């Protein structure tokens, strides 16, 4: 079998399009953001992506129906430029898997007239913060300047090191091997749990950059749910340890 | 060498056939069931499957004869629809191995006019039960309804998560990549040892669904053997721990 | 690069030949035996085998010269039937590596008119014995009977389980995929160190079977060296533990 | 995607050239030396090498710009013979990765008229020394004699074992599969941190061998920085442990 199998549901033609990559990862920030966008924009799935680089299993939904683990491609046509969203259940299990899946989707993106790539992720800071900042990395000056105006921080010291996984590879391979300019938007997150608060900040920047007019209200509901859980955890900590959790709420 | 090598023993033509997948796994439920069916139906082996995704070794039988580890395909012709059974010594060692072996057999199944796939496995509950239930997952409503009438439980909450390995992949890939409807039958099992009691329940459902008229007496003998062993284990536990073992016998 | 690269040193034509496989493994029994045979028969190397399934390194000899890790093929022409010996620095690092290297050499063997394969190894018993027995496994009745007459034990219970690595794969794949009859000769060994005493017993059987007239004196010297070391270890054990080491000398 | 992707920046033609390999590794000696040479000789990059055998990530520089992890090829034309330098962010993650990247670069080297290969590395001795020696290994007597005159030590006992990674593979595969004579220069290093002092000794030998006239002053500055750090560590050790650190300064 091919290492990556794309099963087309719909043969779409896009123009002047932006590829958005939001996969599971740190604080699940990328995936929450991508899912929200798909849901609220009513983006339409046009391809399932299967691969032996994903875990060998099916997931079972509430109705006991089995679904082979997958990545997915969605699109939304707009006069300001079409939107292409890549998300999924898992990232590739190995280095080779990560590269091969990203490469295959970038090949498709070329045929779908993608002009830029925006990857989404979490930036782990190991503590809770009231309003997570959105940190950025880039491969193109012009894009950087545009999102810098929207409050994204391109810091010398942060994020040090690197960006691992799809959020890094789509950015780096897109630029080096497919001539695609790109930015990565990373929401600060404790990294300890699924973090809709961080995703909300990333979503706001993304919506503004793409000139999409949808609200982030439903993310607030998810934030509330998570906060109730984390507040309980904080309350159950002895007084002196609360500060260590870095929670200023 | 090819990653999966099918060595044909007999060139069979099947029609209107059902693929049954019973590989080693949790409680060995799938394999016990497949072996029993092969034995009692006098199904005939028509292909050996070798792969570098299986462990690099031979097994040695009682006579000191060496046998390369393998998977196997059996068939049984019937006027109600032919039966194809896939079983083996091991499952693929890696994710890629799991996918490649399943994919190769599904390719063959297409040529053998397989119309549906039934995968067998154990569902680990971590305790002993008197009469294990048979839980199901599905990719096709019609099949689901048929086996639901036979007592299979398609629960919202169970089995949560997913089905890992061949029992999951044949179901998921069969549906997504080969257009094959399917169900997975999972016998509840402690998961601590080879579990013929769980296999017996799965076998009963399978026989009824396929309208095969063989008894399950010999499975009862295996159940007795295992129960003698597990009873001893329970007796050797201090009184207060027996309940934890969840044994209601 | 190809996964296995055979670098021919000499283009040999063999007839009526026997393939002997002696690779590093338990007690190093297979490799010691192969090396001894090569040395005493003055077998000639005709091919180096390199592979990315071997460790990524060079070995450095006493003279500081670097040698890429490799497997090697030797031959000896004889009127009783030619001899082909496969040995090397390492076995493949992964399951796929083990299979691919064995398969490639078996392909070559077919072109070199190999009529049978004899694999050599150690059988770990976890204790020292005065005279290690030679245990056998087989894929062909006739070969089994021949070596049984030479004292090789084909036991129902031993070796239980299986034979892992090249000693198993050349036997199993040779038989299933290349139609080559074969036997595996395993010298009992503690498995705790390189074991020339076990190798000597295997060598004796092999020489007799192949009607090769060389002595095993030099192996005795190696045995003495190792025994001096192990005797010291035994002497340094408290009295009551000596028996546990299973040393009857 | 191909396992190794070479992105040419400049189509160079070299003649009578020497391939120098300095990758990250023990004490980072190889990489420090290669980087210094590139910097001081003003060598020009002519190819980026990407691979799914490298980690799946981008690195982020001080300016927040993302760079896909890579290996790199530099060249410098000279009338004494051209210089080709291979360096990079990481070595291949797996055995197969190490082999495939080395093999691909050696293929390119053949087309670039490489006549010899010099690999650079650290030789871990587990303690600090005042003046690290440069140890050598070789595949060609003539080259060995040349560098032996420059003080490189080709010892019977050191380096025992082997040379792992690119420093070993370029040497071993270069010789066996590309007919390229070669030497490996290893600077003694504690191996506990990045070691410019060791790299300086290797650099000196290399410059002399290649008849390159650049100084090693800037390496001295790096040595000073590291020494300040390690001196502090030594001072913070209790008196009796200082000797264990093997520091004779």
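Of note:
Should a chain be cited, it is by its letter among A, B, C and D, assigned in written order, with residues numbered from 1 in that chain.
To be clear about the criterion, a residue touches a chain if its C-beta (ideal position, glycine included) is under 8 Å from a C-beta of that chain, and two chains touch if they have at least 3 such contacts.
Since we're looking at a predicted model, the values are computed, not measured.
Counted as hops between touching chains, the shortest connection from chain B to chain D is 2. Chain B and chain C carry the same sequence, and matching their CA atoms takes a turn of 90 degrees, rounded to a multiple of 5. At the interface between chain A and chain B, under half of the residue numbers involved are used by both copies, so each side presents largely different positions. Each chain gets a centre from the mean of its Cα atoms; for chain A and chain D, those two points are 38 Å apart. In terms of their C-alpha centroids, the spacing between chain A and chain C amounts to 54 Å.
Centre-to-centre spacing of chain A and chain B amounts to 38 Å, using the average Cα coordinate of each chain. With touch defined as above, chain D holds no residue shared between interfaces to two or more other chains. The touch graph of the protein chains shown is a ring with every node of degree two.
All chain pairs that touch, listed by label, are A-B, A-D, B-C, C-D. Residues of chain B that touch chain C in their complex: 1, 3, 5, 7, 48, 50-60, 62-70, 93. Interface of chain C with chain B (complex): residues 92, 95-96, 98-100, 102-104, 136-139, 144, 154-156, 159-165, 168-169, 171-173, 175-177, 184.
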